[in-house]
Amino acid sequence: ETIRVGFIPVGDCLQLYVAEEMGYFAEEGITVEKTPLKGGSLIAMAVEAGELDAGWSNTVSLVMAEDREFDFAILAPGAFETESHREHSLLVAKGSTITRFTDLKGKTVAINALGNINEIAITALAEENGMDSSTIKLVEVPFPQMLGALESGAVDAVLTLEPFVTLGKSSGARILEPAALKSYGDRFLIAAWFAKRTWMQEHPVIAEGFRRAVLKASEFIETNPAKAREMLTRHTKLSLELAQSITLPYFAQSIEDSDIQRIIDLTAKFSFIKKPFSAKRLLETSTQ
Amino acid sequence: MFSIRSMQIAFIKNNRTSFIMEDVNFDVPQGHFLSIVGPSGCGKTSLLRCMAGLDQPSSGSIRFNNTQITSPSQGVTMVFQDYGNSLFPWKTVLGNVLFGMNRSTATKQQKIATAMGHLASVGLASHSRHHPWELSGGMQQRLAIARALASGAECLLMDEPFASLDAQTRADLEDLLLRIWADGERTVVFVTHDVDEAIYLSDSILVLGGSPTTVQRTVENTLARPRHQLETRANPLFSDLRTTIHGLLVSGTSQCA
Amino acid sequence: MFSIRSMQIAFIKNNRTSFIMEDVNFDVPQGHFLSIVGPSGCGKTSLLRCMAGLDQPSSGSIRFNNTQITSPSQGVTMVFQDYGNSLFPWKTVLGNVLFGMNRSTATKQQKIATAMGHLASVGLASHSRHHPWELSGGMQQRLAIARALASGAECLLMDEPFASLDAQTRADLEDLLLRIWADGERTVVFVTHDVDEAIYLSDSILVLGGSPTTVQRTVENTLARPRHQLETRANPLFSDLRTTIHGLLVSGTSQCA
Amino acid sequence: MRRADMRRINWHGIMFCVAIAAAWELLSTLQIVSPRLFPPLSLILSHLIDLTVSGTLPQVLAQTLLRMLAGLIAASVVMVPLGIWAGRSQRLWLLISPTVESLRSLPPALVILPAMLLLGIGNSMKIFAVFFAAAFPLLLNTMDGVRAIPLMFIDTARTLRTGNRTMLFEVVVPAAAPGIFSGLKSAVPIAFIVAILAEMIGGTDGIGHFLMKSQRSFDIPQMYAATFATAVGGGVLAVILNCVESACLVWYSGWKRFSGRDCPPFPATNHRNTTKDRS
Amino acid sequence: MRMSLSPRCGGYAFAAMLILVWWAGTASNVLARGQIPSPGDVLLALTDDPRLFINAIFKTVRQTMIAFAIGAAAGLTLGLCHGVFPTLRNTTGPCIEGLRPLPSIALIPIAIVFVGMGDSLNVTIAAFACAWPIFINTHDGVKGINPLLFDTAFTIGITRRRLFQSVILQAALPMAMTGLRIGLGIAFAVEVSVEMVIPKTGIGALATTAALSGHNALLYATIAAAAMTGLMLNQAFRWTEFALLRNYGPQWSKRT
């Protein structure tokens, strides 16, 4: 039995590499056909079109898809962010005068995509700090170009993720506290493996097998981080040195409602979706 | 073979119509050799293009073998005044002639033999593998003639085909044309500025003139055939004809001015 | 003015060199009218192109006013055999003539007046706002001539400029050319296939022939000037010259075959 | 005659468009392909109308068009003269060809990366990307247009002792104009596409960003509506360009003897009334 | 050939000079301080694992060729047909003008619906993109054919098929070759772009994965590899072009 899986070739999809290398998929009797894609929305469309069976997507995208009545549900937990596994950070340039979040007033901040998880995070943070979020100018810059934009002075701060946080720090950039995605809570789901509900109903065995393999991989990563990081170098172009020093997301064994609910609420609050809904909806694998 | 009745040719320029030819009537019987003479710009080329079916007259009728001509008809071929641009630059000299024989059903071998024969008769055999842009003006013109002859069309429309040739080559080709015409029962319509040439070659000479151009007269030429470059030209009838035609041309032009 | 010494023209085709002209020597003094005659394909156009500085001979020297020619030099202009392609289709008839006067320092008004004068003298005044592609072959040729005349060059190289013209127009233009030549102390090198025309116009006639082509002879023409279409041609000296040149041409060609 | 041609309504074209539209609607409403990803045309059109009326689409389209124009003009100003020069001088072409040939097959998406570092993330980067993409079709077409000039034109001008300026502006440019226009016709859609692409990769406005935003928020009908808007924008550009071309190259169609029609005549088609009209 | 040797060397010298400028820029830290690697680093990245690049280039070139073949077939056919049949042009023209400016990358989601995610996706999109310049140039080439050539062909009495083969195809060839040359570049560029979005294999995939992993030297090495591949493809094309156009007279056969 094969399952066609779309993913983004970054460290976040570590579960997939580990499960493959450790033979967890084989143990479950499934073969995985991996398709790397650059953007999460593209994965979602390919899954909708039936060209992929499952895919990787950030939570906000899943929330927005649900709002648009796409038939997606979470197949297996993906990457979580917690305080000790902080993957996303706001960086400012070496020698920048910005020291607190409120200093960002009137400044330009680069995020990778407008209208998605990072814009909501900044907006929420601004509100929590008593600022008018419109005073922070958000511009779109792809992750790999952010450090360049920061160094050349085109932007004042960047909301970036690993490995660029580590790379940035090594070239002198400074992390701006608090954590960029702090508004989503102390522990929340950044991204997850998802599939169409109809597909899950039609292929319960494969779906379950995939889920178990991914969870086994999560366990492996948590217990053997060094080995997992080594595997990372084989599936991305990270150098071994960099792979050993970056912060990995947290790979939990199960998803609680609270891991998602705050994200849904904030998305609704800032009108990226029409109205909030219960996190359970994303976790229900059967169509209502 | 050709029958032209009250034909008119006009061009539209800036919404103004200028009439080039008006009320042109003449016939070209099968197997006839007709020459057309007339001042520069009087519409000879336009007339020939209409007869070839490339253009349509503004009014009047042109019939070929009793059918109205609306498109180039099989059996009529034309040698253009602008010979240089009518050769296919990407084909060799031989290729251009072979292209003219595309209707023939002969084998490739035979075709090449025939084509080479025609090239030899216009003195281009040694240039068969050159490209047209490697030929002199006169050679290009001879190539265009060879291609038309090779096409085997029963009717040849020739627009000043010998204009760029020296006297000797010209005389040779005149005789070649007459030979081919006599052999194959072809019909030839021949535009020229050389009145002597027109007389030497043809059965009758159509003199154009006036403004708009009309047929001044069709001069019948009863000089005996076969003709000889020296003898025929020495014939007193020849000079008579020449005088007549020159007279017609002068009166036509004066009328025009 | 021109002095050509042991000039050779050769073309390379498929790594084989074919020699077109060899050991050509002649002079064209200032104010001279030289005609060149020779069989088709003997290299007249190539020779003229070299004299115009458009091409370079393979060896030998061409000097104009005692300087070696390497590029088109001021004071020399050429009328091409392929007249149709030498007119700029994006310019009107008048525009084409004005283009020929691009070196003149006169005011726009004056230029237009001069240009119109030249157009009138070749019978194209009424077509000044047409485009070249709206003209007949002969008209195009006359336009090319008008442009060359308007350019005011002291030396004119003319490659069969009257080939597409009827006898009357041709005679008129011959006389026009002679008038202009006599007025302006110009030098003219005139290629033609019409031996009569060559004799009628020129001071001397260069007869080319042989294979590779060489100068057969330079025939001096002592016919009195000014010349008249009928009288000059009736002169016995005229027939003598014609016989001489025809003889030279035939012997040159037979040598060539 | 030309004007009458333009006024004539192109029924064939309209019918063909209607047929395609009907096929689309059927494909979607019969759920042959997922209507979420391939929504019915009627839905897209209603979005298109809403977005147009609200002014959103015209605004983003205008932003993109301005960027495109800036890049395109820059490319024309640099590349047409360079192309003319390179077409006239084999030496110059040999000098720049390795650089040109290796640069021109770089995907604009890759070029944007270093461009971002050098030019930042603002307009100049996007305009540069447009410039870069439009430059090479313009350069190559201009160059080949110049090379294709019949040698006789050049020879004629030379024997008339034409100065460099006159040669350039009165001979080379008009004679190469058909080639230059071909270059423009190839370059304009490419410039438009790259302007959109640059806005998709890193932008805050323009139709490319709007497209990307719709895609990311799974607003598929809106995405299609935006795609339609690009098609309309590009179509309008093409029409404008064709009009400019036929205005500039009147002589060309006349020279080709088929004024008003630019098709080679097949014996069966009745083309021959074109120059000689019945009167 | 012998004569053109020195200016050609000049061309490569010119390119080398640009690289030198790049090197100077990085060495003196003028160029974006550390974000742009020096030519030396790029060379190291290139030679570090040559097999990686060779495989990627091979794959991309193969896909490009397939896409180019399809796009060229479509562009040539459409251009010729539009040049020849005015009715067809009037019918399909408006729709085609609308399709032309569609950004290939934005078409990916739509294309996924119809052709799936495999290699055929890259090929379809690259073929779509490269067909346009070929189409335009072919169409203009047909439009620009000297009408006397048609007149000649008609009076010779050739059949429609022969007219097409021997006159239209041949006479439009020089212009079509220009279109093909531009089209080949675009096919390659778009193939790489699609690979960048769906980074499975090929040069584009290498670029995306390198970028996402923050490996700048590798990213620029990939750009350099893409440039060299483009140069290579183009050189191969020029040979073909020269062979095809040598019969067309001095201005076409003089090309290098």
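A, B, C, D and E label the chains in the order they appear, each numbered from 1.
What we mean here is this: a contact is a pair of C-beta atoms (placed from the backbone, for glycine too) under 8 Å apart; a residue touches a chain by one contact, two chains touch by 3 or more.
Bear in mind that the values here come from a model prediction, so they are computed numbers and not experimental data.
Q: Work out which chains are contact partners of both chain A and chain D.
A: E
Q: Between B-E and D-E, which chain pair is linked by the larger number of C-beta contacts?
A: D-E
Q: By mean C-alpha coordinates, which chain is most distant from chain B?
A: In terms of C-alpha centroids, the chain at the greatest distance from chain B is A.
Q: Would you mind checking which chain's C-alpha centre is most distant from the centre of chain C?
A: The most distant chain relative to chain C turns out to be A.
Q: Between chain B and chain C, tell me the centre distance in angstrom, where each centre is the average of that chain's C-alpha atoms.
A: 27
Q: Let me have the rounded angstrom distance from the C-alpha centre of chain C over to the C-alpha centre of chain E, please.
A: That gives a centre separation of 48 Å.
Q: Please compute the C-alpha centroid of chain D, do the same for chain E, then give the distance between them in whole Å.
A: 17
Q: So which bits of chain E are touching at least two other chains?
A: In chain E, residues 32, 35, 109, 113, 146, 154, 196, 211, 219, 250 touch at least two other chains, as defined above.
Q: In chain C, which residues are in touch with two or more of the other chains?
A: Where chain C meets two or more other chains at a single residue, that happens at 82, 85, 134.
Q: What positions in chain A touch 2 or more of the other chains?
A: Only 39, 41-42, 45, 49, 142, 144, 148, 152 qualify.
Q: Which part of chain E faces chain D closely enough to touch in the complex?
A: Of all residues in chain E, those touching chain D are 4, 7-8, 10-12, 14-15, 18, 31-32, 35-36, 83-87, 89-95, 97-106, 109-110, 113-114, 132-133, 136-137, 140, 142-147, 150, 154, 160, 163, 168, 174-175, 178-179, 181-182, 184-186, 188-190, 192-193, 196, 204, 207, 211, 219-220, 222-223, 226-231, 233-235, 250-252, 254-256.
Q: For a test of understanding, state which residues of chain E touch chain A in their complex under the given definition.
A: 32-35, 108-109, 112-113, 116-117, 196-200, 205, 208-215, 218-219
Q: For chain A, which residues count as touching chain D in their complex?
A: 39-42, 44-45, 48-50, 61, 64-65, 67-70, 110, 113-116, 138-142, 144-145, 148-149, 152, 154-155, 272
Q: Considering only the defined contacts, which chain B positions touch chain E in the complex?
A: Those residues of chain B that touch chain E are 49, 52-54, 71-78, 80, 82, 85-92, 99-100, 102-103, 131, 133, 147, 151, 153, 157.
Q: In the complex, go through chain E and note every residue touching chain B.
A: On the chain E side, the touching residues are 146, 148-149, 151-152, 154-159, 162, 166-167, 170-171, 173, 247-250.
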